[in-house]
Amino acid sequence: MIKAGIVGATGYAGIELVRLLSQHPSVTLTHLGSQTYDQKPYIDTVSSFRGKLDDYVCRNAPVEELADSCDVLFLALPHGIASRQINEKVLEKTCIIDLGADFRLKDVKIYEKWYGIPHSSPHLLPRAVYGLSEFERSSVSKTNLIANPGCYTTCSILTLAPLIRTGFLSGFTDSGGYPPILIDAKSGVSGAGRKAGTASHYCETNESIKAYKIASHRHTPEIEQYLEMNSDEPVRVQFTPHLVPMNRGILCTAYIPLGHTGKKTTSLDELRGLYLETYDNEFFVRILPEGIFPETRWVKGSNYIDIGIFFDERTNTIIAVGAIDNLVKGAAGQAIQNMNIRFGFEENEGLRSLPCFP
Amino acid sequence: MIKAGIVGATGYAGIELVRLLSQHPSVTLTHLGSQTYDQKPYIDTVSSFRGKLDDYVCRNAPVEELADSCDVLFLALPHGIASRQINEKVLEKTCIIDLGADFRLKDVKIYEKWYGIPHSSPHLLPRAVYGLSEFERSSVSKTNLIANPGCYTTCSILTLAPLIRTGFLSGFTDSGGYPPILIDAKSGVSGAGRKAGTASHYCETNESIKAYKIASHRHTPEIEQYLEMNSDEPVRVQFTPHLVPMNRGILCTAYIPLGHTGKKTTSLDELRGLYLETYDNEFFVRILPEGIFPETRWVKGSNYIDIGIFFDERTNTIIAVGAIDNLVKGAAGQAIQNMNIRFGFEENEGLRSLPCFP
Amino acid sequence: MIKAGIVGATGYAGIELVRLLSQHPSVTLTHLGSQTYDQKPYIDTVSSFRGKLDDYVCRNAPVEELADSCDVLFLALPHGIASRQINEKVLEKTCIIDLGADFRLKDVKIYEKWYGIPHSSPHLLPRAVYGLSEFERSSVSKTNLIANPGCYTTCSILTLAPLIRTGFLSGFTDSGGYPPILIDAKSGVSGAGRKAGTASHYCETNESIKAYKIASHRHTPEIEQYLEMNSDEPVRVQFTPHLVPMNRGILCTAYIPLGHTGKKTTSLDELRGLYLETYDNEFFVRILPEGIFPETRWVKGSNYIDIGIFFDERTNTIIAVGAIDNLVKGAAGQAIQNMNIRFGFEENEGLRSLPCFP
Amino acid sequence: MIKAGIVGATGYAGIELVRLLSQHPSVTLTHLGSQTYDQKPYIDTVSSFRGKLDDYVCRNAPVEELADSCDVLFLALPHGIASRQINEKVLEKTCIIDLGADFRLKDVKIYEKWYGIPHSSPHLLPRAVYGLSEFERSSVSKTNLIANPGCYTTCSILTLAPLIRTGFLSGFTDSGGYPPILIDAKSGVSGAGRKAGTASHYCETNESIKAYKIASHRHTPEIEQYLEMNSDEPVRVQFTPHLVPMNRGILCTAYIPLGHTGKKTTSLDELRGLYLETYDNEFFVRILPEGIFPETRWVKGSNYIDIGIFFDERTNTIIAVGAIDNLVKGAAGQAIQNMNIRFGFEENEGLRSLPCFP
């Protein structure tokens, strides 16, 4: 039994952490942190947990204090805060699983360029492990600083990884570089957080779809960094997020046009082989049968990622589609998966509940 | 470990039964019945269970055959079918939990009036136990024929029961009878079933609300029967269902105007006393604190019912509001609660998962 | 051609006023007022009007200044502001159509009790005309201070008026008073305004329904005042609003239980007679055929109110259901209808566009 | 005043035609055709038009008969039917505006390959004019057979046209051909029609997003044919539609990666120049200011297309985004625009009503 604290427990990722951790057999929740609801009963703002978490009162405590009493601390905070609160002392005492952006990018310059603020603890970046569970188990199991990947990032990378990690895409263009990689992503509104604003007002998002942060979304460098680390060539990704009128879910439709010349091509069989091999025996990754493609409703409430792969011979283009629940596999679920790896629990402990449809 | 079969496993109540039972520690799912998807893999129509239920193939088997191999059989069928398939032989071999309407009403004439068809096995009606779990534990534990209450019914009765079972409402009017009881109910679309039709088409229900089956909804006599059984006076209920553009959830707003004369009245304290006492220690019933009222989002995916009670002194009217997830407490969840009671498992076994918000 | 200004043009009622007035053949829009967007192009916040209103810049001007340049001024403001800005001088120069609450209640004590603030210009209350267009044409046509009814109010009163104005309900109870009148109302989210807040956040309202402001909604005294003015007895109304996950629309389900004694009763024919007679030749009121009841989708975008009436013999209860678009008949549309009456235009000028479905 | 008939008047495109045409000053609606609702009052299935169209009864009449009494006939039918019903005689008597697919593709082999059925009147294909209003005014004005473009097609082509028609894209690749053109499209559910089916059931589409008909959607050859007709090179398009839980709206996000080599590139200024020039003075095309991108809510209910253009220097990729209301500009609106052109009315007659938000 380990003691877990959550800083930022009243946002959507925080609430999902509470839901999952309070049902995890090896975890005791010892701290529910909130600035906004400091000193108020937790169920005042999350009435769903009434009857189970009635005794919890939100507190606004600094990470350094919490490090003493928690074996693991989940941080679900806006970027820029975690890197101010974490230091060596904290990391000696507790394991940090940061659901924010501060420790995801290895290159502090890239962080500062995309986030527009200075990084408060660049010296800790080398200690941070990028917690993409399926591929980083070994490193995750040994660190006290886990940078939990972003929601779009998780979906995008897992959807594309078999093409990159296997070296498959290398040398596809005449000039030797990668072909273009385009990711058209769609997310439910919970991805934007619980903070109120005109953009998240019901009537401003309902019955509409839009692209946003075109060419400038901060998950772009995160995707590129990880793909590039697993490739022998530079990787550039065109990433476009869209806002969809639904609570949960991310769908990433990725395109890799192999070029009109047709010199280099592939086949659906070859592609399916790469995916099935890469994700063989992965509990949370479901490679869909030929002809079936992901829909976010089928993963809602679960830690699964569903992936469908296709090759369009007519246009010589690879199309890969992935779907996750942004709050589970894209945030709280993967964070707990990392905790399980780090603390030696079964990797899917507390994460086996099936998707909830409809 | 008991063997459970589901007849009608591809409808929404059936899918929810599968989701909950496949995660129940004392149950093995041995049969997923479907007419429409006979001989097809179950995951073909419910892709969410991929990875877990890949080996299940839908079958269209008669109840009599299934009775041999199942300890418990859940029937999630349109009315009129269950009463044709169930007989004494079946009931000797297995426990039937019928989520349909055929065995809910004790008076076959009322059944035939509201449902418009003859009842195929009226002789079995006396054996059927109305499975309103919180109040019928003793009978449920001893029967092989459990009539699982309707979704609106469950929400309505539980929301009103403390006023009736305690005798509180008796004699409130000058003429000795009950004051009017009005239930204005609102349901998500899954309550209408998975069958396709213009009425359930996305664009015909989205962005709209309507009342339907005014004064003629079939859950009306069910509510009246149960309230009357627990009262010393005849009970008439004005029940009006509404269709709300959301997947899950039922909200019942009940009104009991005590009359302008003001001779008979009550107080919020007295009412809260009745509710807290009636539901003391009930795991699945959450009486909300003063001033807080139910919202369906707080019970989504769970077996809870949330109840709020109010007394309007200005109008001398009692207002009680209840919220459930129609597919859980209103169908599959309560059915499993009844199974737990019947087979001696912990009553909340397999039903403890928290609501999923947002 | 008259000159119209709108104060509060960037809220939902304001936007709807702009949409309708900019297409009205006898109106020139001369002022789009906004505090939040002062000095910014109007289309910055309402991109839908691009190409048509590109030259309009929001301004935050006081009503007194605007009175000089506008023949009619629509105020779409939170309560408490209009009554501070309007005075005799203003009313000499321009016609005020106030979509807010300040001039709706005749009794300043009732205003102050329900709104919790002092009224800034009680001396103007006698001059204000309650602009329920269908019944107040004569007064509306002669005043410079029109208090436009609230959204719930409009729907509730028009749905019930034929029972009251005809004297039909009088003396139905033994004690001589009215039977109970209960209104269970359901509204889309735009009714709560465009101001951002947790309560209007997409994920907090989507996929859920709730009752709110039980027994305390401020439209209650407004409904009572109007019904009472048109009755020979005191009227008390039980009014309960609910929030529905959709952009637009209000549905009011009204119940009048006539009592179990059965001494006094009625029939559907009699009721339909009252409704057809009351609304004979009303362009915007559609009394639905027997057996058909309103759905908000059928009035969306239009100034119609659809009304269905039913009598439940089993329970001796009258049920009346009304549906409007809260932003049109419940706000901007009725305001323009009043303007048309006041300025002698055809009453449905600029308001004839058909509902938009789906 | 011309006489207009609609065949298929009870589907969503048909209903939108009725809404718009019944408010068109130069049109009399003389026929509302329906197979399903033959002999039933039109308002039975479209209650929104009550009070306006009460006298209309649906009829299931053959096109040949209708040709005698209608100046213009709108066909909103599933593919394969129009080409069976239209012949030379019909085209001598009336102007056909076909909202279906039968006369859009010039090459009968491509039609038969993508639609999987033989074409019933290939000899009429040369007479058909592809009614993309903004670019085909001259041909549209002279024909009696207008093939109204598909919804996705209209949005896709108008979003990309300035890059093609100007010759801009020609020769961008080393091999001389076009760079890849990828269109990731998202549509509301009304695009799938009013026919009931599991796929359009509320609970199967709500709270989910999916890609569908990957690499096989029938609007693909339509887009390619038109772009190719306006280009000096073969054009291949990767087109992927997605289903979004909303009633109306299409958003097309188009990507043109210009290659990593960076030999050939462009700038936002150059691109904006192409768009502004191409659509100069077009009433229905709104090129959004720099940094602003389309959202479907801003065009809902109107005949506008909003277009945003961007150039990502980092990836050397052009991104163009377009948004329409699929039932207006993508169907009924453009059909009426074509009618206006054909009959010499003002092109935006009956189409000037502003978008309805929220």
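Quick notes on this one:
To keep things simple, chains are lettered A, B, C and D as they appear, and every chain counts its residues starting from 1.
The definition used in the following text is that a contact is a pair of C-beta atoms (placed from the backbone, for glycine too) under 8 Å apart; a residue touches a chain by one contact, two chains touch by 3 or more.
Everything quoted here is computed from the prediction, not taken from an experiment.
Taking each chain's centre as the mean of its C-alpha atoms, the one that lies farthest from the centre of chain B is D. Counting C-beta pairs in contact across C-D and across A-D shows that the higher total falls to A-D. Remark: chain A and chain D have CA centroids separated by 38 Å (rounded to whole angstrom). Per-chain Cα centroids separate chain A from chain C by 46 Å. Residues of chain C in contact with at least two other chains: 12, 190, 203-204, 206-207, 245-248, 295, 297, 300, 358. If each chain is drawn as a node and touching chains are joined, the picture has every node linked to every other.
The residues of chain C lying in touch with chain D in their complex are 12, 15, 19, 22-23, 46-52, 190, 207, 247-248, 283, 286, 288, 292, 295, 297-302, 304, 306, 352-358.
Chain A contributes residues 12, 189-190, 194, 196-198, 200-207, 245-247 to its touches with chain C in the complex. Looking at the complex, you find that chain D touches chain A at residues 173-175, 177-178, 180, 182, 184, 186, 188, 203-204, 206-212, 214-215, 236-238, 240, 242, 244-249, 251, 253, 255, 257, 259-261, 293-297, 300, 310, 312, 314-315, 317, 319, 321, 323, 358.
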